[in-house]
Amino acid sequence: MSFPLLTATAVLPAAGAILTAAVPAARRTAAKWLALLFSLGTLVLAAVVLVRFEPNGDRYQLTESHTWIKDFGVHYELGVDGIGVALIALTALLIPFVIVAGWKDADPLETKDNKRWRPTQGFFALILMVEAMVIISFEATDVFLFYIFFEAMLIPMYFLIGGFGDRAHSGTDEAAATQRSYAAVKFLLYNLVGGLIMLAAVIGLYTVTGTFSLSEIAELRANGGLEMSTNVERLLFLGFFFAFAVKAPLWPLHTWLPNAMGEATAPVAVLITAVVDKVGTFAMLRFCLQLFPEASKWATPAILVLALISIVYGALLAVGQRDIKRLVAYASISHFGFIILGIFAMTSQGQSGATLYMVNHGISTAALMLVAGFLISRRGSRLIADYGGVQKVAPVLAGTFLIGGLATLSLPGLAPFVSEFLVLVGVFAAYPVVGIIATSGIVLAALYVLVLYQRTMTGPVKAEVSGMKDLKARELTVVVPLIVLLIGLGVFPKPLTDIVNPAVTHTMHDVNKQDPKPEVEAAK
Amino acid sequence: MSTVSVHSLWTTLAADTPPGGGLKFQAPTIEYAQLSPILIIVGAAVLAVLVEAFVPRKGRYYAQLFLSVVAIAAAFAAIVGLAASGFGTTKAHIAAMGAIAVDGPALFLQGTILLASLVAVFTFAERKLDPEAHGNRVDSFAADAAAVPGSDAEKAAVKAGFTTTEVFPLALFAIAGLLAFPAANDLLTLFIALEVFSLPLYLLCAVARRKRLMSQEAAVKYFLLGAFSSAFLLFGIALIYGYAGSVSYAKIADVVDGTTQQISPALAGTMGNDALLLIGMALILMGLLFKVGAVPFHMWTPDVYQGAPTPVTGFMAAATKVAAFGALLRLLYVVLPGLTWDWRPVMWGVAIVTMLGGAIVAITQTDIKRLLAYSSIAHGGFILAGVIAATPDGISSVLFYLLAYSFVTIGAFAVVTLVRDAGGEATHLSKWAGLGRRSPLVAAVFAVFLLAFAGIPLTSGFAGKFAVFKAAAEGGAGVLVVVGVLSSAVAAFFYIRVIVLMFFSEPKADGPTVAVPSVLTTTAIGVGVAVTLVLGVAPQYFLDLANQAGIFVR
Amino acid sequence: MNPVNYLYLASLLFTIGAAGVLIRRNAIVVFMCVELMLNACNLALVTFSRMHGNLDGQIIAFFTMVVAAAEVVVGLAIIVSLFRSRHSASVDDASLMKL
Amino acid sequence: MENLIALLVAAPLLGAAVLLCGGRRLDRIGHWLGTVLAAGSFLIGAVLFVDMIGKGADDRALHQKLFSWVPVESFQADIAFQLDQLSMTFVLLITGVGTLIHVYSIGYMEHDERRRRFFGYLNLFLAAMLLLVLADNYLLLYFGWEGVGLASYLLIGFWQHKPSAATAAKKAFLVNRVGDIGLSIAIMLMFTTFGTFAFGPVLEATGDTGEGKLTAIGLMLLLAACGKSAQVPLQSWLGDAMEGPTPVSALIHAATMVTAGVYLIVRSGAIFDAAPTAQLVVTVVGAVTLLFGAIVGCAKDDIKKALAGSTMSQIGYMILAAGLGPIGYAFAIMHLVTHGFFKAGLFLGAGSVMHGMNDEVDMRKYGGLRKYMPVTFITFGLGYLALIGFPGLSGFFSKDKIIEAAFAAGGTQGWILGAATLLGAGLTAFYMTRVMLMTFFGEKRWQPDADGNEPHPHESPSSMTIPMIVLAFGSVFAGGFFGIGDRFVNWLEPVTKFEHPHPPISIPVITGATIAVLLLGVAAAYLQYGRKPIPVVAPRGSLLTRAARRDLLQDDFNHVVLVRGGEHLTRSLVYLDHKGVDGVVNGTAAAVGGLSGRLRKLQNGYARSYAVSMFGGTAILIAATLLMRAV
């Protein structure tokens, strides 16, 4: 058999994690470089996947398949479609930036940590571990395999959030520590509950199908060997969707995100919202629609409403935030609303848009959040009110921050615009009213971004800010490539759409939906 | 089968009085080879008593340790041998004239019990954790259990370097009982086996070195309640016997199904009276559920787990559960399949309250041992869900779960023995704050066990949970699955609480120290971790084993 | 005389024993009540044995006595050691561990 | 030839990129680079223009496709340009005026240490604006549309350290975004209706669908136009936008960007022609705005805000004209171009005045400046005459045509619109005369400011005056050049179609009326501001005056309803999120915890109570078993 490329892509970071964790306490810097090296290696492999992938070839490519636990009907089945490829690329791309951005975040505080305590090694090892698990869950074409990593992913994330909080906090270290572990526990419990409810559904699925392999299930469906009563299908769908909606996160299951992103360090926050949460929305496309097409259609109205609420509600709360990172978190909630809207619009524009949205949102949020992190690390505060006039002392920082913000409000010319407009068009084509309401989101987005920029960057220079340094070389190496990507994908997204479109066509076929015809053609 | 051998072992003599009158004595046929595991352990136990009597005190500890390890290993080898020669599957049958079943479940569970016991014995023998007393290395057992705590006698005993090496023979006897329990194929054997493993455990609970008052209290509670429950069990046996006119599982089953051949008028009379049967069944179930620690018969568990010497707790928590569930399975699947529609609803109730009760009460616990006790209750509930499935899948899933669970438990309790302060083991949760910073490794290992308890994927806990829930769902107990899922969500909360405590809270100045164990405990913990991960990542082999072992002989 | 009456007696004894366990404080007495319950079982067993005309019941009764004896050995040992360290044999005093 | 089109956009874009990323080392040459690239773009435009007039009227349109931008199934958006007469007109206006203003800015921004970035932004604006007018489909137009929005945001807020500037910038962007909703919905409607949103196919297919759809699209486009062109009800940002440097006001908020709305409507003419209702609304918006702007203009003492009001009003004229259909399109564009000249000129003049007066903007602190800055006075004066429509100057030709067209709208509608335009002309004459008088005539009214340094009015450097002179030429002659012999109309005719307006009353009468109204306005202004001295502190004034000073209370309305309301909404939502959504979950957790605490009490340590529970349990077990059998 051929070289298991997909496995390698997931195993490499895992191996890196183990090695990094093994680095002795004193050799902190070595650990960092090791981690960076492995993340870059993964990026290379991801690139190879991207090249080897034939957009118009079979639905799942580079597949690997072995039975794993016969009794549970579990297979070790990997395979990628366009959507998976895009998201793997995103993940592999972002992790190096996350690592570089977090270069100094986990250096131990000599004051209270003893010799055996090795936070730095742990930090980077955990990041790589998350990368490995995320990648494999993008590759899994076996429900159970996916579920396992969907759940296991929580553990390293949990330690990243709870163990390595943002050192810029208001109040005492004790208070911060408690807040942090509260956030971590909240994150874990929300997702665990979601996961457990999904577990029930997974078991239910097995009792119906007797297998977990997507391909086998598809076969069953094709030759009518799959009798799933409407109610059963709906229940199972709800079980799956609940877990994904928690992860995504969809209103009203979103409240863990602001805490988590607020307390975690900026790079980890990026990891959460740009990478890990994408697994949720990805899974909606990959599993909800493919396994339960009828139920998906049945649930669409409700989901659309929730997504709309997320969009407006998230944006409004973002406007109301005092804490920069929480603001970004609520902005993300709003954006996830768009993604879910696009997925369940069930038009090719909507779904391609949603997929692009996942990628673009990852990049734009990374840009905004990381710059925000640099800003916060300088001033040592997350409160918007503590800033003012930054652009006078640190113009480059302010500029990059503004670009990140403009990307967040999806300005044409930057990547997010393409995806957001596609989603809106896709939704509008199927549900005009919903589309129109969603469009109002673009004003609110402008509102929270510009208010944030105005309060932090413009106006007279605050005393505490006056001494602020502009971005350092390391920080620029993080921000500049992201911005280049944002512009590049904004002006020339074709390569991405070419990869994604065929996959979306397949999904559309799964739910056997056609795009609504333009009125003029319909008339003829 | 000849009419003789269907009679139970105990009544050969009286049974056949040929028409001509005059007694014809017939010696019972005992398949010693097939009973060898039990016999080896019993023999070793007896031998151990002699060792206590004759070997000089200095050598005893080593002699006992050696003896028990060898015996357990030998017994395990015997099991493997039997399984290899097909007694688990094709040649499965009932030995000792109907007293002991030699079949898949029996062998699988006995194997599990022996492995668990072996690991447990290692923790029994650990002598490096407690600081040396007067230059003598000491284990977790009282120098002189008979002496009053704090009395001069005790001091003298400590000074003289006495140790309670009797724990080894006691453990061996208990193991013997545990081995017989799931294999028992008539109610009397069931009862005897129960007592044989219970009595030594009562004693083992009483002989802790530290916190002796609690230890004795635990023993008293365990003893009284245990005796109480076994009385119920016995009465149940009596009623069933009254109903069926026999104590052998096979014959009872026949009578229950109404497929029995020769019906004496007396039998005809009692057979009509289902009250006997049902009440008897309820009482026997109660006796077993007590050992399993199912709500509402669980209340001894927290106290006893907390008071008993931690190695003993680990041993009890693991081995007793395995044996008791084995017996429960056999009873329900061999004797009472005809009554499925009677016991199922009841067991549903028990399973639900056990899952929820255990999980919910655990939330507010402050002592790590009590916490684990409640978690073991909750797990009992999960296993019950598998038991209720009443399908072959159910059996094998339960077997697998027990295997997975027992090692996690022993490992976890072994870790508990390591965390100590001046007063011995520091079991209060507040003491565990910041452990992750003091000794990351120990904390990490314990975290692994906790995650396994919580049923996080890639740990044995998840595989087991999935197996039983799957069986339950297929057995039409979807509701149980949902309840199970919900209670695992609740349970997750307190496991995570401990992890938070260990890793995210600042270490206290007067925090406990982590003792460096000898190779013994290290092995115990190591095995625990290894099994946890192996069963989590590559469970197929063991699932196959459980599947092959999943059929009861009748 | 109808053997069923013996069963009634047995259940009566059993209940008395159980009640005793529930209401008496002194560990020894509680333990005696358990013994009473065991004996009730014996009576029942013997009765049934008689009804069915086979010996199983009686044999079990013998075993029960042995078991009871063994329980006495173990039980008394534990109770006495408890008594010596607390100077009280009341089961209610032994409540260090709770909640 | 068409390959040059991309260069039009590329040149200033390159400039923006270089200047913004270049860093300090470019500070010295930055402004020159920017200016050169702008000029380069103008030259390319000129070349294309020459080439274009070389061809026959109907095959002048050029088309260039660069690459496919967003292809998803039937949704196909290209990066492709279309250069026809309409676009060409704009290209020349944008690059021409743009270049002049670059030159002007070299002098104006001399003392600003961030001049390089200023030129970067200006170039960025040019690129975006050109993209807007050159796009061959609505999505690409949207790209440019928001691009100019961004540029305007950056330039209005160029002096970010002034909170007022930052706020104004934000306000401008937000209000424009509201308009953008309209544009994006319009595009979606086109997609769902025609399956495309490229100009050609859409505008040809208008016949294939019902009027309702087209009306909807038209109204959405109008909403967009209102945002960009500061038409009622989205006009509120333009006044504040004057916070930006004056060249910006001249280029973006007078000559080019704000007229994008007019371009949009004219470009989409085919849609409006088929949707009379939409057209009616357009004319109404235009009429209302032209009066609104004029009234506001009459009350402002801030010279730039007065001019801003005037801009609003003049664009009102254009929109109105555009709403009239084929009889108006050409005149709308014509007025747009002439207005581009004279309004830019006026702003530059105002800038030059401020330059000489220590950036004082309050006209009450000017007075008699004609002596000190003659060039400014003359150019400004010519611009003034052009604007009020003094016979023979640009404004006269363009505006007069619009008035005629308005009357020609027919029926009562025609009379109302005509009256409105006439009234507007009068008001224009009034407020512009007022500006002239207060600034250049009368006594000097300036005093030393807070820190005692008295302004020394002086003429601006040539780098500033030359552009003003050039524009003055435009203001004077452009109108005549276009108007005589319908030159301009014929030039646009292939794109916009044209019908001669037939007003109910004869043209000369209308012209006469216009001139009469004009003179009235001038006279009124003279009586009020020319005869008696002007108080330095503004008198309280009539209710209307006070309202007009506050933009007819429209801002106050926004503040109370939108800003305050929004604040309350968000605050209450934050509370709800914390207490409500989060509270439910935490509540459940707490409940379970409480239950646990209570159940825990059962574990009271007494062996006997444990026995009780066992006994009870057994009883239940037995009862249940028997019950099961019973039922």
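For clarity, chains are labelled A, B, C and D in written order, and residue numbers in each chain start from 1.
Please note the rule applied: contacts are C-beta pairs under 8 Å (C-beta built on N, C-alpha and C of every residue); 3 or more make two chains touch, one makes a residue touch a chain.
On a predicted model such as this, the values are computed, not experimentally measured, just so you know.
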Task: Name the chain with the Cα centroid closest to the overall protein Cα centroid.
output: A
Statement: Between chain A and chain C, the Cα-mean centres are separated in Å by 65
Message: Using mean CA coordinates as chain centres, what's the gap between chain B and chain C in Å?
response: 24
Field: Whole-Å gap separating chain A and chain D, where each centre is the average of the chain's CA atoms
entry: 37
- prompt: Which whole number of Å gives the spacing of the CA centres of chain C and chain D?
  reply: 97
- prompt: So which bits of chain D are touching at least two other chains?
  reply: 600, 603, 605, 607, 611
Message: If I count partner chains per residue in chain C, which residues reach a count of at least 2?
response: 18, 21, 30, 91, 94-98
Multi-partner residues of chain A (each touching 2 or more other chains): none
Task: Go through the chains and record each pair that touches.
output: A-B, A-D, B-C, B-D, C-D
Message: So in the complex, the part of chain D that touches chain C is made up of which residues?
response: 600-601, 603-608, 611-612, 615
- prompt: Which residues of chain B touch chain D in the complex?
  reply: 220-221, 224-225, 228-229, 232, 274-275, 278-279, 281-283, 285-286, 290, 295-297, 299-300, 302-303, 341-343, 345-346, 349-350, 357, 360-365, 490, 493
Message: So in the complex, the part of chain B that touches chain A is made up of which residues?
response: 437-440, 451, 456-458, 462-463, 466-467, 469-470, 473-474, 478, 481-482, 485-486, 488-489, 492-493, 496-497, 500, 503-506, 539-540, 543-544, 547
- prompt: Tell me, which parts of chain C touch chain B in their complex?
  reply: 7, 10, 14, 17-18, 21, 27, 30-31, 34, 37-38, 40-41, 44-45, 47-49, 51-57, 59-60, 63-64, 67, 70-71, 74-75, 77-79, 81-82, 84-86, 91, 94-98
Field: chain B residues within the chain C interface of the complex
entry: 8, 10-11, 14-15, 145-146, 148-149, 188, 191-192, 195, 199, 202-203, 206, 212-214, 216-221, 223-224, 227-228, 231-232, 234-235, 237-239, 241-242, 245-247, 264, 266-267, 269-270, 302-303, 306-307
